[in-house]
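Labels run A, B, C, D, E and F following the written order; every chain starts at residue 1.
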Amino acid sequence: MPEFDLPLDRLESYLPDRREPQDWQSFWDITLAETRAHDLAVESRPAAAYLPNVITSDMSFAGFGGHRINAWHIRPRADVQGTVVQFLGYGDGRGTPLDWLGWPAAGFATLVMDTRGQGARARRAGNTGDPAGSNSPYVEGFLTQGILDPHDYFYRRVFADAVRAIEAALTLDGTDPEHLAVAGASQGGAIALAATALAGDLVRASVIGVPFLADVRRAVRVTEERPYFELLAFLGTHRSEAETALRTMDYVDGITLAAHATAPAKFSIALMDTICPPSGGFGVYNHYAGPKQVDVHPYNNHEGGEADDQVAAVEWLQGLWS
Amino acid sequence: MPEFDLPLDRLESYLPDRREPQDWQSFWDITLAETRAHDLAVESRPAAAYLPNVITSDMSFAGFGGHRINAWHIRPRADVQGTVVQFLGYGDGRGTPLDWLGWPAAGFATLVMDTRGQGARARRAGNTGDPAGSNSPYVEGFLTQGILDPHDYFYRRVFADAVRAIEAALTLDGTDPEHLAVAGASQGGAIALAATALAGDLVRASVIGVPFLADVRRAVRVTEERPYFELLAFLGTHRSEAETALRTMDYVDGITLAAHATAPAKFSIALMDTICPPSGGFGVYNHYAGPKQVDVHPYNNHEGGEADDQVAAVEWLQGLWS
Amino acid sequence: MPEFDLPLDRLESYLPDRREPQDWQSFWDITLAETRAHDLAVESRPAAAYLPNVITSDMSFAGFGGHRINAWHIRPRADVQGTVVQFLGYGDGRGTPLDWLGWPAAGFATLVMDTRGQGARARRAGNTGDPAGSNSPYVEGFLTQGILDPHDYFYRRVFADAVRAIEAALTLDGTDPEHLAVAGASQGGAIALAATALAGDLVRASVIGVPFLADVRRAVRVTEERPYFELLAFLGTHRSEAETALRTMDYVDGITLAAHATAPAKFSIALMDTICPPSGGFGVYNHYAGPKQVDVHPYNNHEGGEADDQVAAVEWLQGLWS
Amino acid sequence: MPEFDLPLDRLESYLPDRREPQDWQSFWDITLAETRAHDLAVESRPAAAYLPNVITSDMSFAGFGGHRINAWHIRPRADVQGTVVQFLGYGDGRGTPLDWLGWPAAGFATLVMDTRGQGARARRAGNTGDPAGSNSPYVEGFLTQGILDPHDYFYRRVFADAVRAIEAALTLDGTDPEHLAVAGASQGGAIALAATALAGDLVRASVIGVPFLADVRRAVRVTEERPYFELLAFLGTHRSEAETALRTMDYVDGITLAAHATAPAKFSIALMDTICPPSGGFGVYNHYAGPKQVDVHPYNNHEGGEADDQVAAVEWLQGLWS
Amino acid sequence: MPEFDLPLDRLESYLPDRREPQDWQSFWDITLAETRAHDLAVESRPAAAYLPNVITSDMSFAGFGGHRINAWHIRPRADVQGTVVQFLGYGDGRGTPLDWLGWPAAGFATLVMDTRGQGARARRAGNTGDPAGSNSPYVEGFLTQGILDPHDYFYRRVFADAVRAIEAALTLDGTDPEHLAVAGASQGGAIALAATALAGDLVRASVIGVPFLADVRRAVRVTEERPYFELLAFLGTHRSEAETALRTMDYVDGITLAAHATAPAKFSIALMDTICPPSGGFGVYNHYAGPKQVDVHPYNNHEGGEADDQVAAVEWLQGLWS
Amino acid sequence: MPEFDLPLDRLESYLPDRREPQDWQSFWDITLAETRAHDLAVESRPAAAYLPNVITSDMSFAGFGGHRINAWHIRPRADVQGTVVQFLGYGDGRGTPLDWLGWPAAGFATLVMDTRGQGARARRAGNTGDPAGSNSPYVEGFLTQGILDPHDYFYRRVFADAVRAIEAALTLDGTDPEHLAVAGASQGGAIALAATALAGDLVRASVIGVPFLADVRRAVRVTEERPYFELLAFLGTHRSEAETALRTMDYVDGITLAAHATAPAKFSIALMDTICPPSGGFGVYNHYAGPKQVDVHPYNNHEGGEADDQVAAVEWLQGLWS
């Protein structure tokens, strides 16, 4: 049944209980402080000479633990209207600059951050490893790495990387701090949301598509597709540690992050999304604390609005900053 | 078994028997003459204002039967090094200009031709119908439409459209006839090959990835994945008409088209390709009559070299025309 | 979950909102008038000499657009109790006379109409093409051909063909206008219903099994199996044209056709039918304007009652006309 | 790879080693003698009054062990040209008389034998149980019931039933012993072949489509689809009894039965048949001891020639007996 | 949707209507009386010499119809705390003694009963046939063998075997009648429940995991996975006999057996169990007439609690009998 | 085609080219020296009180990098005939002591080593994390973690852990250095082989079932099932680094390890194994430098000989050491 989640009218008012841990704020404050104790150490060298009509750098910076995180920075030769820090979907890598020409053609610079460890399985290659491992066993994938302790958890590192990516972008030629946005879909949407919530007022606009890591406690009950399947497998194997694992998820769940985010935001949600169920998307949207709007796609699965969403995001940002 | 086709050393010398129909040349001569009897009637209007750093037109021209074929024309604001006419994979549509920014960023103009009838099933929408039907029943899809008569066959119309797309490109601002290339992968590779063979010397370079419609008589015996599945379903249902159907395929099979094509060409072939088996790719490559080179991907299925192929194509064309 | 649709007690009273277009009646009046402007031009020749115990003709007539539509006409050598015009499921062809011996053995003549374009994929071959194409792109299949305009839509042609098939049957030896029925299951059920609604009082009884094209707006939300999948794929790709496409479907939706049909009818519906969900079947049944009865199969998917339904249909018609 | 078995030229001369058990002849002689020790006890009552144009009986007879085996007997009201005893595919049941009208329309009487135990899973219901069980465990299905001892094996009972079906047919009104044929496809083909080999000269013609139980020792190495999967599962579980089980199969393998069959025979074989691989079909065909011919379907899986095969069988029998 | 059945709060109070046949008690009384008319005839011989630290016998006894049923009897060399009669899942066999060392290591003797006919398809081989057949056709598998008559039904024989297994255990060295338990999961859980209900006060404790054959009339409406699929296939083929078949199921349905069982019992149920839906488990649990407790696994499918359940069962029994 | 790899006669003499890196020996010498620089630090506490008939400890030791590796140590209360260090299949965890009672019942002590990072996805839970990460991106899973540098590679750590597990076993009560064996199947077989090759003469016997990591360069060309799929995905994404990745695999490939292993060994290989193809198993077996024997299972996939293999291994070891 393609429309397997709640009906639209119930989704529109769906406000799941947030289980924000008491130490949520201090957990992230400490995480970022520790991360920032490492010098940002931005490095950059020219790349993609075969694309003369844009200016491309292969850059990197020190993320969580001081680990080196790779990224592309691409900007138009013409005037820059703003900068968009772009985050990636689960398993995806930054690929080649050819994949990221939309924002520059529209007048924006973009910084495309590799997700540590990812980018080896599909379409686009990454080239950033994750030197930190997991102190607990994990299901094949990333979602359960370190899940028994929020401090050891994979997305703690990734969200800290994301904040540092924004800070790195601010050091680059052509970045205007008044016009800095984040964007991403699926896992990229989760990271964009986290960056918006955690980077204070550095983020001025946020584009969040079909977000992952949203209302996780419900998600594992309504979908068993990857990547939520990985969490479900962990919970079904480590039965006595299920609540501990879910408690770790509360630290990164979008429904809590949303309540801490205030930049203007544009969401998209697909009603037939079996990877990131729409109740998660609406749970995040309804908790979001800033100005917001949402495009709902009634007949799409996780592909969401695809190019239609991209065009809408470009035009929304152009409108916001014109 | 991922390496299901012939081993590489046999592929490298694989030269399948061409079954070129006696009237092959006159068939295509007449087809193009009939098509050209309709005025080319290029129409164009500015599009994609949200992409200020490229010049985009939503254009159309009269293809086979005088039917209107839609296309994007996108060119850089800087100097143009050449023009690439781009053809699409099976079922794909021209989508939005956001999808076609690689050639312009690399210094080329591009014309992206919709495939008539296609573009409604996946990722990218098309907006070109096919007003001509099929005088014989067909399997769900396009591959068997009109298959009992070469004159009624779907790809007769598409290949004629492709030649007209080149002729339309030549009428546009910024097109240098000395620097006109065609490109495509899968069905797009088949159309690019056909255009190279049928458009005389209008095509100066050809980029052909993992080509479809190649050594068809073998292909249906070694793969049953879509779209070849559609032909297999027809042959298995219309048993007494199987040879008639295969005879129609001989008119569009790449192994014959290749022997009529002489522009410099760059191929790519994947050894684990279950959609367009590598024996088809090598069959075409080995029969190809012009200067040629090939990138072989030993561990890929039909995705072939993806972005690696795109970068290589850009650099090859830049080298060819520098 | 095999019983995925509404529970039986809610189905029994399920009366979905009909969205009958204001010009529904004129749309079909004009369609039939245009079709009838072509001479019916029935042609017939003896066939299947290997079946001496029935009288078989390979016949054809002019359908929509004057296009030639093929059919079998088979009648018993004994007295004829009536004539049944039989329509086919999605993708099916008229096959051979061997497939249609049930009605003749039961004392009825039958005319089996090919569905234009179909009959190349499974079990039974058709031999009728569809010379008319589609002015808009379409998903692989028939369901979305021409869907952006009711006048260009595939089923406009098919439903007109069906009315002409009845008129052709009436010209044949042995047809008694008082004893003319239509029958079909799945797509065949949709066509039989359309013929009952559109052919005025020519149809005297109607056998409608597990009907397709029924309550379409709900169907795409509760099933993603083929053929509804094709519509879902179109809606998910052409997002901004979704309502236009659904509006075209309103012209052929069974819940509207049912309200215009008055001949005695026998339905069958399967509660676990994932191809043509039971809510569609009950939606049509509950709107049906003539005398009616329904066999409900609680444990069947789209195969419905199969031979049990066939026997029941034979006996029902024998009872009605005895 | 759809053409997964040997290429056609090797199939045409493929003559697998027959492993005929020394006591093969006496095994079957004793089996039939024991079966015939029970009175044949044919019972018959009129059936299917809704089919006035044929004469139908619901009949039964005593098969192996004296167990009651059900069948339909259907004959034309016109002259009878001969009688065809029809056997069924794996899991199929005799269904309703509506399913068996081809032979009567073509001028033949037909007796359709239920396969004991089968007819509860798909399309057609049977109504014959198998009162005998299995002295060894078996995989879900029929293929391994009693496989550790030829005397306890399921197909020993079925093949004996088949011989008795022929003997029952000979007692019926309208049966001409000079014109008695057997027919079947898949499991039905295996049973038809067995009946031809085991019933001495009672069988005067044999129609064998895509036969099951053919060159079994190779079949389990080249296909793992059902029903051969069941044997493979047994062999993989009862490792130390594998040879015992395969030895039982030698008693029913078609390559041995074929060498004992001498009636004129018509075969059909499909080159892409993954259920009953073509090497089995050719193994049987090449060993067959009587006059023979074969229709080869190059582009079909296990559906073989379907209606084309049926028409060819009718015409072949009409030619043989005209 | 992994949590496809009722939500937990409704499951906890779910009390499905029991359809206990009027002659349920006499049916089972007569069945057991007939079975006991055969001498129990326990046979035993030493086995598994390679396991010196336990005492193993390959034993057998006369089950239903006097048919020989095989079992392992394994006991520790140290003192025995009690005896557990273990029943197997669908299609499983008793395998080797290596598979059954948990109870002995924990201080219990165990008798592992083969399920007649089963043990040839997966992991563990059985070596007990089922000499009794089925008087009605059946779907591939065991669930529908003899389903049209409770007296002919497969599980009548199996449940009678189970009672005899307990009686056989009581004859063995080291069995203390005060400390006799039954245990099993899935089909094994159904058999354990049946033995508890039917063996009077012989059973002193019962361990029932994710039970099969529970609330069957609902089960076929909420799952179509094997083995319930087999029943669904029967009901969908033999439409007019569906109620007869379901009536036979009422004789073996756990919701009725539970109401006749009084020994202390430990259940486990998995909320995402698509093989044996949790509503069946709770239906049985809520009807169970003895002292009871249940472990609920919220994130597991049919694997349930696996080793966690086994440890819990061991500790529960040790606590009960300490 | 179940027998998809080379035929048995070619397998029996299959001796693939070993690509032993020049620094293979020093690589492993240094790895072990670095590992041994950490104190072994064996810790142990009593566990599984519910199993009074065996002596169980929950133990751990310092593996590669000094990381803590967990294990069970279980020994019979009776005399110990030897000690078997047991390694696990891909993704498996040490689970509970209930799972490991075979060796103790047969008279052996066993040490079951957790595989770092694994044990969260299926059946058995592990509780050992992997604190070391990967400096390069990796496919979801373990096979490609750190694959671009042998020093960073996942199995470097695991193989070093395995050697330390043996050294830890030698410190335990009841371990006789003359009677120490290793055992494992699939990944466990690869680790057992590595331990045999790398631990010098500490290992006195080796049981290797259906080994993984064997003839890897061929394996990715003949199977695409998990886990080899993970490597294939990496090679197909990181095209230009494919040879680097394969070069890393050469350090852990069983065909090289085998040539360095001299303890008596018992292998098992399954001819239909699509997870660990038989050519890999025979490649290892034929290169193995010590006394050896092999059980070949002609009709099994990756399950191999299961309990039959376990019984054979027990009896082989009992024979070797009696």
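Assume contacts are C-beta pairs under 8 Å (C-beta built on N, C-alpha and C of every residue); 3 or more make two chains touch, one makes a residue touch a chain.
Protein names from UniProt, one per chain: A, B, C, D, E, F = Acetylxylan esterase.
Note that the structure is predicted; figures quoted are calculated from it, not measured.
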Using the touch definition from the top, how many steps at minimum link subunit B to subunit E?
2
Looking at CA centres, what chain is most distant from subunit A?
D
At the place where copies subunit B and subunit D touch, is the share of residue numbers found on both sides over half (same) or under half (different)?
different
Distance in whole angstrom between the CA centres of subunit A and subunit E is 50
Separation of the C-alpha centres, subunit E versus subunit F, in whole Å, is 37
Multi-chain contact residues (two or more partners), subunit F:
123-124, 303, 308
Assign the assembly's chain-to-chain touch graph to one of these shapes: line, ring, star, complete, other.
other
Which chains touch which?
A-B, A-C, A-E, A-F, B-C, B-D, B-F, C-D, C-E, D-E, D-F, E-F
Interfacial residue positions of subunit A with respect to subunit F in the complex
91, 93, 114, 116-142, 144, 146, 152, 230, 233-234, 237-238
Subunit B partner contacts - residues on subunit F that touch it in the complex
4, 220-224, 232, 235-236, 239-240, 242
In the complex of these two chains, what residues of subunit B are touching subunit A?
50-54, 76-78, 95-96, 98-99, 101-102, 104-107, 123-124, 303, 306-308, 310-311, 314-315, 318
Where on subunit E is subunit A touching in the complex?
1-3, 272, 297-301, 303, 305, 308
